[in-house]
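Here is the structure we will look at, set down as C-alpha cells.
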Amino acid sequence: MSKVAYYPGCSGQSTSLEYDRSTRAVCAAVGLELVDVPDWSCCGSSPAHTVNHVLSAALSARNLDLAHSLGVDVLATPCPSCLTNLRNAAVEMEDEGFRGQVNALLDRPYVGRVDPQSVLQVLVEQVGVDEVARRVTRPLTGLRVACYYGCIMNRPPERMRFDDHENPMAMDRLMEAAGAEVALFPLKVECCGASFGVPRGDIVARLSGKLLDAARGLGVDAIVTACPLCQMNLDLRQGQINAALHEHFRIPVFYYTQLLGLALDVPRSELGLDRLCVDPRLALGKIKAPAPVR
Amino acid sequence: MSASDSRELRIVGFLCNWCSYGGADTAGVARFSQPTDLRIIRVPCSGRIDPLFIVRALINGADGVLVSGCHPRDCHYAEGNFYARRRLETLKQFLSATGIDPRRFEYTWVSASEGQRWQHVVTEFTRRIHELGPAPTMSHVSDGAWFDAAAPAAAGQGCPCHG
Amino acid sequence: MRIGVFICHCGSNIAGTVDVVAVAQAAAKFPEVAYATDTMYACSEPGQEAIVQAVKEHQLDGVVVASCTPRMHEPTFRRTVERAGINRYFFEMANIREHVSWIGKNAERNTVKAIELVRMAVEKLRRNRPLIPKRFDVVKRVLVIGGGVAGIQAALDCADGGQEVVLVEREQSIGGKMAKLDKTFPTIDCSSCVLGPKMVDVGQHPKITLHTLAEIESVSGYVGNFQVTIRKKARFVDWSKCTGCGLCMEKCPSRKAPDPFNEGLCTAPSINIPFPQAIPKKAAINPDTCIMKQKGKCGLCAKICPVKCIDFDQQDELVTVDVGAIVVATGYDLFDWHKYPQYGQGRYPDVITSLQYERLLSASGPTGGHIKRPSDGKEPKTVVFIQCVGSRDRSVDRPYCSGFCCMYTAKQAILTKDHIPDSQSYVFYMDIRSPGKGYDEFTRRAMEEYGAQYVRGRVSMIYPKGDQLVVRGADTLAGTQVEVAADLVVLAVGAEAARGAVTLGEKLRVVPDQYGFFVESHPKLKPVETNTAGVFLAGACQGPKDIPASVGQGSAAAAKVLALLSKDQLESDPQVSRVTPARCVGCGKCVQTCPFGAIKLVEDRFGNPKAEVVETVCQGCGICTVTCPQGAIQLEHFTDNQILAEVNALCPPRIRVNYAS
Amino acid sequence: MRIVDLATADQDFIAEVEARSHQNLRTCYQCGNCTAGCPYTFVYDHSVSQVMRLIQLGQREVVLQCKSIWLCASCQSCTTRCPNRIDVAKVMDVCRHMAREQGYATEREVKLFTDAFLRSVERHGRAFELGLMADYVLHSGRVFTDVDLAPKALARRKLAFRPHAIVGRDQIERIFQRFRKGGAHV
C-alpha cells in the first residue's frame, strides 16, 4: 500500500468539504494511504503570491516541513491552487539566496524535501488507471461527462511536470475507467475566473459561462472537476452566471472523486453529493445500473 | 574576480582547423568579446594533438591548456576526435599524478558555427584559470620526472589506438 | 632564413584596437626576421604587390602576414609568395583580427597578444620545409544527391556541360517538394508545368543516370576520386520492363495506407506510381502494406501486369560508382506541428498543413483541385492561415525564420479567393518577410485585391465549436485579443533539416549546424562549397530557401563542379604525413589508425617492414603522427618540432632544474 | 493619447522588473501570444503584450497604475505558450508586487479581498471564509456581495461558522510580522 502525506487545504474544511471527504474515501478504496499533515496551515493561496513570493513560500514552507517530518516522499493535495504554491515554494527554495530570505521569516530554517503532487497525479501514477478500473464495481455506464482540469493543474509544464498541458487526460482516463462516457472537452485548461468570484463576479460570469456553454454544446450530463475554486465558480455561482448572462445552464459539476467513489461503491455518505448546488439527480439517473442508496 | 580586470594569465589553446578554429573565427566575426589570455595554436585535427604538447606547455609555465575539436561524429577526418578523446581523457587522469592540478587542462568540442559556444567556453575556462591563479613554479619536481609520469598518457597507454 | 613580416591594418578592423606599428617594430627583433612593416590592406592588390616587392628587395625567403583568419586568405597569400618566387609553404599567418582585434577591447593587451601570435608564426616558419604537391587524375563524373528542384538543376547543368551525372533520389520519383505544389509565387505559375519538363529532361538526358528509391550507403575517397556506394531499395517491380501503364494500381486490393505524395489526405494502393508526371514513371510496391509481402497471398498485380514485371523476391541492390565531385541537394522537411499541443495535435481534422493545402488546391490532388475540408468534404468559406508554425520560436527550438512561408501563405490566400469567390481568408502573421523581386507587391495584392484580412499576432489556441474551429489570436496592432470561427485552418509550417541529413553529413564529412542544415564553407564567398573539397551544396539542405534561390544554387554548384572537372589532373595537398624509414620499426600502428587507409606496410631492401604513405590518399589529419611510438611519421607542415616551437614561443622554457637526472 | 518619450525610459524600472522576475524582457518580440491566450484581456486596460512592451519602454507609472496587473489570475496561459519562454505570469506578479509596495491599488476590490484573505490566514493560521467575507464587506463597503449565495451555501453546510484555528497559528503570525518588518522584496 502506497503512503503519502496529505494536505487538504482550507477549502476542504468548508466550501469543498465533500471533495476532501470523497478524496479520502476513494484513496482508501484503491489502497492509497493518506497521512494528514499535522497542524497544517494555509498555503497562502493566490493572495500570498500576488503580494510577495517570499511570504508565499514561507507560508508553504511550514507545511512542507511538517510533511517532511512524516518521513514520506510525496505530499499530496487535492487542490491545484495549494499544489501550485507548495510546488513553487519547494522548487524556488532550491535556490540558496531565495531560501535564505524565506528562512528569515520562519521560526526554524526550512528542511522540507518532499515532492508536492496532486492527488490526481498520485492516483494515476502510483495506483494506476488499470488498478482503479479493476476495482470498479458499479460502472457509471450511460453517464456522459466533460472533464475540466482548471488552468494551473498542469501549467506551466516545466514546473508542474504532469500530464499534457494543453490536453490533459488523467481525469478523462479515470472517468473512462469508472465506466462513464467522456466527451473531449476543448476548454480543459481555460481559466474559470479563479478567485475573482468575490471582488469581480462579472469576470467569473463571463469566463465560467463560456465553459458551461462549451459543455452544453457537447451534450454532456455533467462537468467533472478537480479544483475547489473551479467547482465553486461553476456550481455555486451557476445561478449568478445565469442571471448575468441571461442563460439557463443547469449542469451539475462533480468532483472527480465523487463520481469515482460511486463507481467504486464507496458509501454515499462519504461523497457529499447532497452538497452540490446544481441538483445532480437527473445526471445520476442516466447511469444504467444506479448504485443502491445506502 | 573578473578575468578582464586582473593580470593576464598564460592560456594555450590547441584547436582543430575545421571546427573549433572556425568556431573561434565565427565568434570573432560576430564580435563576441572574450578574455584575452588565450593564445591559439592551430592544428589540422584534434587527433594531431600529442599529449606531450600539453605537458610541455604546462611544464614551461602555462597556467592553463584548452583543447577543442569537432563534436564527436562530426570530425572532418572521420574519427580523429575519437582518438583525441581517448588520449586526452587518459592525460587528464595522469596529470594529477604529476602534481599538476588537472583543472588547468580541459578539452571540449565546438563546431565552426558555434561562435557563441566558443565565447562561453573561453570565458568559463579563463574564469576557472583565474580562480586557480598563476601556476605554481614546479621547481621541486624534476622536469624529467614529469615526462616520466606523463609518458603513459602521451604514449596513449590504456588507449586502444596504441594497442 | 630571411623572414619578412607584414602587419595588416585591415582598415580600422585591426588597427582600431591593435597598435600595428608596435607589432611590426617588435617583430623586427625576432630571430631571422629581416624585414617587418605594417600595411593598410595586405590582401589588396597593392598590398600583395608590396609583399612581392619586399621579397625581392630584401631577398626574403619566408613571409609572415598578420591579418585575418588563415581560413580566409591563406590560399591568397600563398599564391602571392609563390609569385615572388618562394615555395608557397614558406608562408605563415597570424590571426590578429578574428582572434584578437574583434574579440578584445583593450588595445594594450591586444597589441601584446598580436606580438605573441606573430612570434609564434615566425617560430613555426623557421622550421618549415618546401613542399611540392603531387598530381593525380580526376574522375569525370558527378554525383548529385537529391532530386528536388535544386538537384535537378545541378544535374541538368552538369550534364549539359558535358559531364556524366549520377542522380540519386530517396523517393520513387524526382521532383521533391516542388512537385507537390499547385502554383508558385509571385507569378502564380503552375508548379508542375514549370518543373515537369525539367523532370522529363532529367529522365531523357543521355548523360544522366537516375537512381530513385535509392540512398547513399557509403562514401570514401577525396576530391576528384570519390567512391560511392548507393543502395537501391527493392521495389519489387522490374523497372526495365515496367511501362507505367498503371493497371496494377487500379486492381491492387490494398489501398488503406495514407498517400505520402498527397500528404496523407487520401490513401494510395500498395503498388503505386506516386503522381501522373512522375519520373521515372514506374510502379513500386510498398512492402509494409502489400498483402502479398505481409501475408504471402494475393499477387493480383503480378497476374494483371501485361509485361510481367512484378518480382516479389527482389532484393536491395548495391551500386558502386566513382565520381570526381558530389553535389548535396537533399532539401528540407516540414516542421512537425504536433509539437504545438494548442493547435489540437491532430484531434481536429480541419487543421491541416500548408503542403496539404497545396494538394487540395492542385488539380491532380485528391479533390481534383476543389477545396474540400477533410472532415466532411464541405467547401470552406472562412479559411484561417497561421504563420510561423515552427519558425521563429525558441520554445520548439526553431528560432530561425523559414523564409518562404510568408510568400506561400499570400499565394494560398489568393488562390483561395480564386477557387471560392465568396470566401474570406484571415492570415495571422508576426512580420511579413517578402524581400524578393516582386514579392512585396504580391503580398500587398493578397490584401488589397483579394481581400485577405491580415492580422498581426500569433494564435494561442484552436478549439472546436459546432462544426467550426474557433481560432483565438491576438491583433497586436489593435492591441487586443481576436477570435474567428473558421471552417478550415491552414498551418504555415516551417522548414527543418531533412530527416537523415545528419547521418548523410557524417558520410560526406559535411558538418550540419545545430539545426541539421549543412554548413557552407564561407557564408558570403563560398555559399555552395563545403569544407570537404569536392563536395558542394545546393538548395534548402543548407538552409530554408524558395524555388528561385534553390535553382540558383543548383546552377552555382554545377558551375563549381564543371570548373573542377574541367581539369584532367588535380594537385594533392602536400601537407601529408612522411615516414623517416630509419626510425620506423614497422609496428603498423599508423596503418591501423589511419582513417583513410593511406598508409601501407612495405618491405625495405633488407626485408624489414616499413610504413609508407600514399600521398594522394593521405588527408593530412596527423593522427598517425601522434600514434607513432618512434616519432618516425611526421605530418608535413605540422611536425612535432613546429608545434613545439609554437608552444615554446608562447611559454618560454624555464630554467631546467635537474633535467639531466 | 499618451505620447511616450522614448529617451526618458526608466532604465531602473526595466532592470528591477528583470531582476525580480529573473526574466530577460528583451527577448519579447511582441508576437502577442500572451494576449491571444489571456482569458482576462476583456477586462484589461492594457493587454498583456502591451504591458510587456510598456516595461520594455521603461514606462513605470503606466505599468504600475494599470488595472491589468491586478486582474491577472496567474492562470499561466501566457507563460505556457510564450515562444520565447518568458514567464510572463511572473512578470505580471512582480509588477503587482511593485505596485503594492508603491501604494497603488488600481483595482481596489481585488486588493481588499487579497488583504482580507491574508488577514484571515494571519489570524487563524487557515483561511476562514465567513470571517474573511465579513472583513471584505466591512472594508469594501460592498454589503451585498454574494448575499444571494448565502442561503445555498449555508443550506449545504459549505461555510463553517467558526475558524479552524490551528495550534501553530502564532508561528504564522510571526511570519507575517517578520515580513512586514523586513519588507522583503523578491
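Annotations for the structure displayed:
The chains carry the letters A, B, C and D, assigned in the order they are written, with residues numbered from 1 in each.
The criterion applied here is as follows: a residue touches a chain if its C-beta (ideal position, glycine included) is under 8 Å from a C-beta of that chain, and two chains touch if they have at least 3 such contacts.
Source: prediction; values computed, not measured.
Across the two interfaces under comparison, B-C and C-D, the one joined by more C-beta contacts turns out to be B-C.
Inter-chain spacing, taken between the CA centroids of subunit B and subunit C, is 30 Å.
With centres taken as mean Cα positions, subunit C sits 52 Å from subunit A. Contacts with at least two other chains are made by residues 42, 77 of subunit D.
In subunit C, 342, 461 are the positions where the chain touches two or more neighbouring chains simultaneously. In this structure, the chains touch in the following pairs: A-C, A-D, B-C, C-D.
Within the complex formed with subunit A, the subunit D residues making contact are 39-40, 42-43, 71, 73-77, 79-80, 87, 89, 93, 96-97, 100, 107, 109-110, 112-115, 117-118, 121, 125-127, 129, 133, 136, 140, 145-146, 148-149, 152-153, 156-160, 164, 166-169, 171-172, 174-176, 178-179, 182, 184-186. Listed in rising order, the residues of subunit C touching subunit D in the complex are 342, 388, 392-396, 430, 456-461, 472-476, 479-482.
Across the complex, subunit B is touched by residues 69-72, 95, 97-100, 102-106, 109-110, 112-113, 116-117, 120, 505-506, 509, 511-514, 519, 531-532, 575, 589, 592-593, 595-596, 619-623, 625-627, 629, 635, 638, 640, 643-644, 646-648, 650-654, 656-661 of subunit C.
Residue ranges on subunit C touching subunit A, taken from their complex, read 341-342, 345, 347, 461, 463-466. Those residues of subunit A that touch subunit D in the shared complex are 10-11, 13-17, 39-42, 44-55, 58-59, 62, 98, 101, 104-107, 151-152, 155-157, 165-166, 189-191, 193-203, 206-207, 236-237, 239-240, 274-277.
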